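Chain naming follows the written order as A, B, C and D, and within any one chain the residues start at number 1.
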């Protein structure tokens, strides 16, 4: 039985560990925080089924009996040793592994970098993850008790050269619509506005959400990117955008502004990549051997990827990829690659 | 254009048209614009081919033109239509054939509305009863007269004296077909060939020897559009749309246009004169226009009826060049003679568009 | 001393004579042309300044310090300074002493201006006088000085880094000819004087050399060829001089009086600008200074190349170079002769023809005036403060918020002129060379500001501040930069700061530092509010953030590299955070910085402890 | 010619294949960035001149691509550079505008 180091205990790491355990291996999860589940653990509900994110994490955790998990631990060093890898952890443990799975996920774009949106400057500006935490029950003083209007701005730190990320983060359109619906359900009197550049609703049932948002919830969609935000005398946020379809500049005073922060590669991932000389792609994420057929494989033998460390992914994509990675590792270790 | 592609679409939009037992309702405006067309529809289909088509002098307008011009509510139009149905019932017929495209659209629309809202039909029954003490049955089948001519096109072809070919070269004539908007654009399944590629007229053209011209603005309205023409302030809009069609068909050099609607042949014909006066441009050969025919006129021509009996002298655009091309004999001096051979006098000729 | 030849002439002086006549003629003609090109009032001003004792004295002093001693270069790099001043000053002294010799020993030859140059050939030493010995010693001494300079120059060509220069310009063909002939002149002079020393006399350098040479080459046949060679080298140098970078030697001597006369660039190619172009020595100090030079593709776009292309008349390149520049002003700050790179470029841009000209007539200022006036009149006693934040500050709302907060804490009532809608200050148009449009916009803003009834115009953006102070006519309104304003509030005790533990490195924005000369106030303020560190390149040598509106063509990717370079300079201070005083620097740095970037107002606001109690 | 009291109205549709893109192509050569506009409208909403002249770099680019005139729109541009700052595709909008102003000159 060979050890497999799984770096990152998000949903990708958890699912891969569960499957590797089933395949008779000995996965070890290295998690930098004090809990498993990563970003999803802080999420409230998952589209398109509006499943509870906590339930998903609990389900995944239930399959981890017998898996060693090191919390608050980082990889200090990692070297090729024989046919496997020697992984030095920050807690002093040294793992001898047959294979390494990098499942370090992503980080959210720091919305305060788009300073024209005033995150951290204005009273009523939150990000998608702030809102999700609040929906999940965490108090947030920035969210007013009874907002008359809520504005969502898509593509914050995505498709934006100035923010250093020209890529589309792909899940934000759908997240915005999901959250818009949730806000409308919480505040039926409120006007909800979505400011988008393009609506990219590509997944199963996503279009249904869009139609429902329009038809059942009366959410307003404006095609135009918000260029600047100011604060009025009552502390409301004033958005300026161009309604590019009508061809006129528009202004909106809203009680709450939600910024759909994009997904970027985790900096930790890049330092891991340097340790084993795995390639980093032009978008900052890890480079797979190809982006069609071997997304789970790195250019180094025995180093595998799962989840958002190779690019923006939805939850089902991440979980599916984790299973595929587990199978790839199993085949790699049993030599029938 | 992939012909097989069109055929595949046509196969989805075929109507099973009964051969006989038709109750014929005429059009309000055709009798003024193209007075011989309806006469020759009956002459060809009933008298020549021997089909059972009945008409009564008691029927009225269907109300469609007033309905589309926003002058009467739909319930009024429905009650008028109900009366026609009552006349048909009284005459013992079950199939309705209309001369007018707008009537066809109007009847179809009303029947479809009643199907969706039976309570409306009940109310109309009541209205009709209160107003006229008549009762009606809904027709089993509603067809447009062009549907019938389409159905009988082979019979006509068999008896034809002329074919739609250039007598000099033997090549088929290039014919533009123009379908009235209300034929199938509202209910594609009610038209032969559907709304995108209707084949009701192209079928006739092909079986009579001609070649159908497909051009980009084929689907576009003739420009009549009821309010667009009827209100003078909008008339520029009307002629602009006709102009757009002619500009689009011009590169194909069509020999003739065949239509199945009361308004279309009128506007495609008369606006050629107006466009010529406004832009100095004509679309036919040698300064002539492109002649526009109703399907009855074209059927009459191939069957060898006299062009002046068919009323072709009432066209703005001269038909003589086309008659010459096909080789149809006619007496130029008889063009402006009336029924009793009295001289109706030659009208004043336009300055730009060449006429004879 | 006695003359060896009664006619006082030998054919070998001809090359020198030709060169001398040519260069003098050329320079005089050029000078008259430039004077002719000057606008009338400028010409008057210039000629007047020449006869005004104060400026005349200053001219002489500046020429002595800059052209001969190269004082500025000494400050930059000792080796570089020594090299230049040894050659220039040594040569000057050789010429001066040569004249002195002629004046003393054969005054009847004073009118022959080749005589001092070739003095040693024409005379024979008959008696050793004390004076002669001193002169001979001095002549040898200065020749040695020049030779040491030439030696350094040769080393510099191979290893420019020893002289503090990472990159230098590539000399053109003619430049090389000039360079090699210049290098040849002084060794040849040494050779010629050494061969002649047993006749003409000499000193510590030439006498021993003469003795050595005579051991090998025991006759005087070598004498004449060396003088020929010396004369030819001089002749070549002077003939090519007008077409090489060495033109800066005569040109700079005229540039200094022109600058002292207060002339400004009025035409991109003529007059004062032409003089600047000719004065460029092509040293390449501006290459290292230029923020664009972090990338190889942009190296040939700094001021030295602009001057070179203007001299060559390469219009396409002139336009490219003029449009690309960020106008950060650093090349001007480091330039040894005072070529005004940014102003030359703006002048180039200003003559460009556009088919479309902005027209601001449609802008109705009345509602803006009314809105501002209504607010201003509401303010209680004291100065009526009108705050102009500028366009860019809308994209960095934190500045406006911090300024508002600080003014509130200090109890200053104010009106925010462009909080909702506002006009641009006009500086971007000005720097793009669209001067008439800029002036039209300035008039619009003047209407608003004067119409509002304000007495103080508070400006937080240095880009705006510069044009407000330079181009606006606002009688009765005091234009004040926010750094100065906050400093005053501190002095008056209306703001109180408590030092935080954060250590900031202050980035001098180009427009505030080099542009307006404000270096110390922001530092003083930050020093009171927090710790302060200095970057290696700071103050007048601060590196542009790369976001400047000055450049018309630089694209985003190229700017990013510059920003990162500027950040590296700031990181070098090991400060926790970066402070600056310009919205454009702020947003540009924030885009890439790995540590917090704050505006001066934010830094102050965070450290303000007590509020003003009226 | 007869005055009928009505006449042909010009079609409002743009024939894309017949559009005169001369101006656009000239601009492309001077400022290739014009090609990557994704019509997000950030430039328009942030525009300082917008309230006075309807200036919109987005519309400007689109109009050029459709062969329409853009002269009026440019009249109030102050070159303040905010549009350049906010453009997510990093287009040098100021250079774009200046280049366009120049091309207009050459056309006449």
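Everything below uses one rule, namely that a residue touches a chain if its C-beta (ideal position, glycine included) is under 8 Å from a C-beta of that chain, and two chains touch if they have at least 3 such contacts.
The model shown is predicted, which means the values in this text are computed figures rather than measured ones.
Trainee: Higher C-beta contact count, A-D or B-D?
Mentor: Counting C-beta pairs in contact for A-D and B-D gives the edge to A-D.
Trainee: Using Cα averages as centroids, what's the distance between subunit A and subunit B in whole Å?
Mentor: 64
Trainee: Could you tell me the distance, in whole angstrom, between the mean C-alpha positions of subunit A and subunit D?
Mentor: Centre separation, subunit A to subunit D: 38 Å.
Trainee: Provide the C-alpha centroid distance between subunit B and subunit D, rounded to the nearest whole angstrom.
Mentor: 47
Trainee: With chain centres defined as C-alpha means, what is the inter-centre distance between subunit A and subunit C in Å?
Mentor: 52
Trainee: Out of subunit C, which residues touch more than one other chain, so two or more?
Mentor: 394-395, 556, 587
Trainee: Two or more other chains touching the same residue: where does that happen in subunit B?
Mentor: Residues: none.
Trainee: Quick one: which residues in subunit D touch 2 or more of the other chains?
Mentor: In subunit D, residues 46, 51, 85-86, 90 touch at least two other chains, as defined above.
Trainee: Pairwise, which chains touch?
Mentor: A-C, A-D, B-D, C-D
Trainee: For the complex, give me every residue of subunit B touching subunit D.
Mentor: So the residues of subunit B in touch with subunit D come to 232-233, 235-237, 239-240, 243-244, 274-275, 277-280.
Trainee: Could you pull out which subunit D residues touch subunit A in their complex?
Mentor: It is residues 38-47, 50-51, 56, 58-59, 85-90 of subunit D that touch subunit A.
Trainee: Which residues, counting only subunit C, touch subunit A once they are in their complex?
Mentor: Residue list for subunit C touching subunit A: 394-398, 401, 419, 556, 587, 590-592.
Trainee: Which of the residues in subunit A end up touching subunit C in this complex?
Mentor: 113, 115-116, 118, 121-122, 161-164, 228-231
Trainee: Enumerate the contact residues on subunit D facing subunit B in the complex.
Mentor: 1-2, 4-9, 11
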